[in-house]
């Protein structure tokens, strides 16, 4: 499925998970998402990491909902616990099965999102590794001057935001030097209109998820 | 190059800036999240060692304290929105900043998965409402209002998502009060501090 | 035919006049070299050119890591061609053709971040060429690349000029443009002068400077010991079992071609770069970051000074001496200014003053004098000589460096080689 539709579908399922209490829905989504990411050849290490990350909220959530709810319902505890993994693996479908570039270009071509937003956001997200490095540099240089910066120090944010100012200026200049101009028409490499088949699949999965949620 | 076009005054520089603010907070959210889970996971077994409770019960109890602690730190998670809104005083800035921060956090690999994006959207909308109520004309009034609106909207969503109706009402109420204080401190006072420093440093006008 | 005219124009930023009384025209087909110390207004002038020019200008920027907008060379070019409304079905062919021409065909889908400096600048120039506009601006385009890449890129720039494009280049090393540039704009004292052709020879010769280094042959004790240091990046070896001793209380210059790993070495010593092998050092190490803003923590100059005095590792510089240095470095009347509003040169001066006040045991300096005027360089060298710390320098510009340097190492074949002499 194309990235833009996949995003909408994942978001719709996430909303369903947030409001519908169904063990079968949680299990079905976890299983399907897991199969999908394995099919998409996501590394085993990454999947293992996601499983480990979820253990604590899973176990803890079970006992909390079991002890705290007045009727001590085990069914309810199981529902809330399994939802942890449904969220995690649904997220991994979005995060790891296509590039951010493909997703944002999909927004532009399929959903007609304004290119200023598409490429501004994409440009900023491509700075993720650089920003991580910069935050390390900020903390290291503070340490060299005898100051320890933690996540509670406004100075850490101020310096990171200062870098954002500098970089956003430079990057926007670079965008213009690539011939980009707000509101100017662009051509679309490799653009395919959405097929009816993709829409049917989208609706089918949504309807199925609702039917599964109805199983008692 | 100076042509103002049909994008309602949104220049690409503004979008990139908000995007980068989202990236900063996404990285830091992730940094908050990891020590967070380790702390909780270690505290559980430790408590069970010194008390005569079973391990399982203790983990449940620590999860309850996590709910309290989550409420107490919610403000940290909500900061990206008001910062973006204060710096770029345009409709949608808070919503975009917060949502992107949440997306980055998920992409880096957090324990909350796709619910990060949902929370990001909700928290961003909550903050956005505060600025919108002033018509984006009075940033400081907007900031203080946003602490209220984001608490109400964020807590309302958490109420349904985590089925707080199952819990005793007094517990739920105290969670609400803790959440508000946390948002007031981090997404209100700390954001205000950051804004004043940026202004004093002449980085914003 | 002139494409941009300046008539008695002043250029201001935030109420500060950067350049005044500019009177000049840029003509189609010109090859113009901009020369002057950093902070003399070259980049300000370039930004004004871009704003004044009524079409989009093609640009190659100074820092290669902030001129790319997409993840890979392929998507960079897709973005460019789409912006130009290039027919969608011909984009793929066009991209392959561009990548082949600039010897990047194997790098199509590699992350831009992981390209070497030379590859990044080739991609940047490939884009500037294909933007197809009359005006092409290059701002310090060769700052971080090896000689072979410079030759390739210069040939491409010449080819552009032959096709009638207008070229504007700012560079702190003008010698590579000897014989290429048709006009030279000098930036000094807030003005721009167009140098007469008869003075070109003298101008270039003034950059060919001889240094007289007197390197010491032995030393008593060492401050830092580098033992079998190895560092490598994906498909690139930087150091392979390199060893060296840094003498105590000395000033050491590290030399080597661009891209051989000089900055990486400083990062490894200060703990910002992972490595194999062993680096043993005694005492506190401070790194003067290439970008001075990275060293600042407070808001005003005064607050920064207080911080360094307060957090000094050994006995801090005496207040009277600080006063003297503030005057000598022309920072005296900027005490209440925000550090972020200082000019590039003022930031550099403040950064080094703060370091010396704080007196760590070792100071690592990554291009501390980049683009400063000669008086500032002399002042800063005098300042550094007052410090008892061991100092390790990386510096492209060698002006007056012979007054302070007493040891030197060269990076060659992934090793550190101690030099007996240096010219």
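List of remarks:
Labels for the chains are A, B and C, by order of writing; each one numbers its residues from 1.
Rule of thumb we're sticking to: a contact is a pair of C-beta atoms (placed from the backbone, for glycine too) under 8 Å apart; a residue touches a chain by one contact, two chains touch by 3 or more.
These are the chains along with the protein names UniProt gives them: A = ECF transporter for HydroxyMethylPyrimidine transmembrane component.
Being a predicted model, the structure only gives us computed values, none of them experimental.
If the chains shown are joined wherever they touch, the resulting network links each chain directly to all the rest. Chain pair with the most C-beta contact pairs: A-B.
With centres taken as mean Cα positions, subunit C sits 38 Å from subunit A. The geometric centre of subunit A is 16 Å away from that of subunit B, both derived from CA atoms.
One simple way to say how far apart two chains are is to compare their mean CA positions; for subunit B and subunit C this gives 39 Å. Subunit A has residues 100, 119, 123, 155, 162, 167, 171, 175-176, 180-181, 184 in contact with two or more other chains. Annotation for subunit C: residues touching 2 or more other chains are 50, 56, 340. The set of subunit B residues touching two or more other chains comprises 1, 197, 201, 203. Across the interface of their complex, subunit C is touched by residues 1-2, 197, 200-203 of subunit B. Subunit C contributes residues 50, 56-59, 61, 63, 65-71, 75-76, 78-88, 91-92, 113, 127-128, 131, 270-272, 284-287, 289, 293-297, 307-308, 311, 313, 340, 354, 358, 360 to its touches with subunit A in the complex.
The touching residues of subunit C, when paired with subunit B in their complex, are 14, 50-51, 53, 56, 299, 338-341. Residues 1, 3, 5-7, 10-24, 26-28, 31-32, 37, 40-41, 44, 56-57, 59-64, 66-67, 76, 83, 87, 96, 100, 104, 106-107, 109-118, 157, 160-163, 166-168, 171, 190, 193-194, 197-198, 201, 203 of subunit B are the ones that touch subunit A when the two sit in their complex.
By the touch criterion stated above, subunit A contacts subunit B in their complex at residues 10-11, 14-15, 17-19, 21, 46, 49-50, 53-54, 56-57, 59-70, 76, 80, 84, 86-92, 94-95, 100, 114, 116-117, 119-121, 123-125, 127-128, 131-132, 135, 151, 154-155, 157-158, 160-165, 167-169, 171-172, 175-176, 180-184.
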